[in-house]
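Here the chain labels run A, B, C and D in written order, and each chain numbers its own residues starting at 1.
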Amino acid sequence: MEIASSLAAAARGFHARGWLMGTSGNLSAVVQREPLQLAMSPSGVDKGELKPEQLLSIDENARVVNGRPGKPSDETLLHLRLVRDRGAGAVLHTHSVWNTILSDFYAGTGGMAIEGYEMLKGLQGVPTHEHSEWLPIVENSQDMTALAETVAQTLNEHKGAHGFLVRRHGLYTWGETVAQAKRHIEIYEFLLETIGRTLHIRGVHAGV
Amino acid sequence: MEIASSLAAAARGFHARGWLMGTSGNLSAVVQREPLQLAMSPSGVDKGELKPEQLLSIDENARVVNGRPGKPSDETLLHLRLVRDRGAGAVLHTHSVWNTILSDFYAGTGGMAIEGYEMLKGLQGVPTHEHSEWLPIVENSQDMTALAETVAQTLNEHKGAHGFLVRRHGLYTWGETVAQAKRHIEIYEFLLETIGRTLHIRGVHAGV
Amino acid sequence: MEIASSLAAAARGFHARGWLMGTSGNLSAVVQREPLQLAMSPSGVDKGELKPEQLLSIDENARVVNGRPGKPSDETLLHLRLVRDRGAGAVLHTHSVWNTILSDFYAGTGGMAIEGYEMLKGLQGVPTHEHSEWLPIVENSQDMTALAETVAQTLNEHKGAHGFLVRRHGLYTWGETVAQAKRHIEIYEFLLETIGRTLHIRGVHAGV
Amino acid sequence: MEIASSLAAAARGFHARGWLMGTSGNLSAVVQREPLQLAMSPSGVDKGELKPEQLLSIDENARVVNGRPGKPSDETLLHLRLVRDRGAGAVLHTHSVWNTILSDFYAGTGGMAIEGYEMLKGLQGVPTHEHSEWLPIVENSQDMTALAETVAQTLNEHKGAHGFLVRRHGLYTWGETVAQAKRHIEIYEFLLETIGRTLHIRGVHAGV
């Protein structure tokens, strides 16, 4: 199954870059819309060794339907919400050092504006670097129903957003396909590292 | 075709180092001078998986002449200009974190002087570290005709330059061959990272 | 032997990330409890090329019992102590740049508190990011008997700890299995890099 | 030939870590002492693709004796001097970002003291972290005869040194074997990165 192969390859690649350390993060993609079937990385596995045949099939109620061992992540609710509310075909969630740091640094303003970078054009539908992308930040929570609700509300207020950060936790982004969602991860991780290192050089009061 | 293989290998290697994230950047090489035929990476593909057979053949008017799917980057005009004005046999363009940061940091002076590093000898024709290399910086633009014109004028004023930065966008360099252009990318990326980290340590008023 | 293969693979992976440079660090796993048999990396070998068949079998007195060439690390005593006192099934010890820096930076307080990060959930038994993990730091010593004793006492005072730092030396962590101990290494290395880079941005008086 | 294979493998590995970018650096090893025969990397090749059969055989006068294409680096004189004066069996020279930065930062004092790190034990003959290693720094020069003389005098004053830096240029170290010299490179690069990042955190007046 091509979707499973590309999800597993993305997981191994992100792990190599240090964005999915210690079994963190999760990845999903829509295999079928009606009824909904989602290929989803199982909880607690080393993403550096993820194989396509380890992926779970999840229905719209987050139940495993392909009888494989392993349980879906608690964050499956967030994936299902993004698939439904945003029409996402793939949802990717990474824990990188830079997304963790900046999710905390800009938490006080509820998000961060990313402006003026050519790389913004890698976000679907952004035609020019003269663009201001708002990356919302939500507080972390272990109550997944509450967190999914907060995310839904936040994204409802920022309909143009291509992703969001969970404070001291990580980045979520999505796309129509696995390839597009993977591109969005790379774009955000690049921009966050760029902004983080700029803060190093210019100091924390300089803005970006 | 050896040129296509070495371009694709360079792309995959640069992607691994994080210099071509999210389908950014582009690469080209002259296959034939009269009439001009340029092998060029297609727009919007993952450079980490670029294969030689995906490269487009472009003529002097930026038209695809080998009937392959995919469209050339909007920045093909810049490549053609460098091939013509500088006699480049290969043109490489990367988006790295460090080239993005420094293209902004030094934009106010229209460029940056890189001096006194042994690694400067990796730029074709530089015989000693006692050399001052001016790396021009031009403002970013989505108007490629205008940008190509600005670049041409800027390089006309700096005939010794081996590359240039586009502000908050990336690095362009070139060479007689793919190998030489790849060497120039590695030299510039090394020097920019060195200067960026030196700014971290010494502070922004220290100069380099 | 699966344990040997996974230990050797972990070693090669950590070396690739720069956490076991210059033959530093060591890795072990329990093969059998009664009588104790420990698979242990030999001293002075390049961890980037460690093969399963190079692992030594050690008994409870740190003697090599499988007749292979190579001598066990002087730090075998620490491994044996952790296997006995903590019931560890695998013990991993890395020398990373970040664990070296922070083991010194926080030495004055005898350890560092790591709080509020989602990644803490990667430490066995931690159910929420609302957790404060104390990572003890002990002074370095070449007297391994004394160091093992200091570590034992320190861990006795911090029964919840999942690892500890040796000042200007490195990180020790463990787990029930090689996979769990490897997960703990990745979690700690991630958190230490995150905290170290946060110090860069916020300055040394900001705390974490 | 095993020496050629291990030299070429070391070159490819160092290039992957960014320590031999843009054809920089060079590597050699003694194949035979009487008369002296040295396997040496040719000048101007991409170290990321170095193959054993590309290595040149050099005699004591730096002449190529195995009839292969390619010319030896101008720095061959330094290698020969280290083989003769220090009895080195292998000499390795890297250009890393951190060794470049610190070779400049500490140039004013003619070298830098590295003290108190466990990793110092990776330098041949150092039995404890309670050791102060002086890493001399010499000014860069394109006059290789003069530079070789300066290096010889400097090392004569620091008989315990395991390596030296050339200002804004790079690191030289050596060992009895390729494996030992490679270990020394990894140890120095680790320590220099650790010290460089510590300067970031503590500020330039804090010392190390």
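To be clear about the criterion, a residue touches a chain if its C-beta (ideal position, glycine included) is under 8 Å from a C-beta of that chain, and two chains touch if they have at least 3 such contacts.
Note that this is a predicted model, so its numbers are computed, not measured.
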Among the chains, which is located farthest from chain C on the basis of C-alpha centroids? B
At the interface of chain B with chain D, does the proportion of residue numbers present on both copies reach over half, so same, or stay under half, so different? different
Give, as an integer number of Å, the spacing between the C-alpha centres of chain D and chain A. 43
If you average the Cα atoms of chain A and of chain C to get two centres, how far apart are those centres in Å? 30
Give me the residue numbers in chain B that touch at least two other chains, ranges are fine. 200
Pairs of chains that touch, anyone? A-B, A-C, B-D, C-D
The answer for chain A against chain B in the complex is residues 13, 17, 116-119, 122, 127-130, 179, 182-184, 186-187, 189-190, 193-194, 197-198, 200-203
In the complex with chain A, residue positions of chain B that touch it: 18, 21-24, 46, 48, 95, 97-98, 100-101, 104-105, 140, 142, 166, 168-170, 196, 199-200, 204
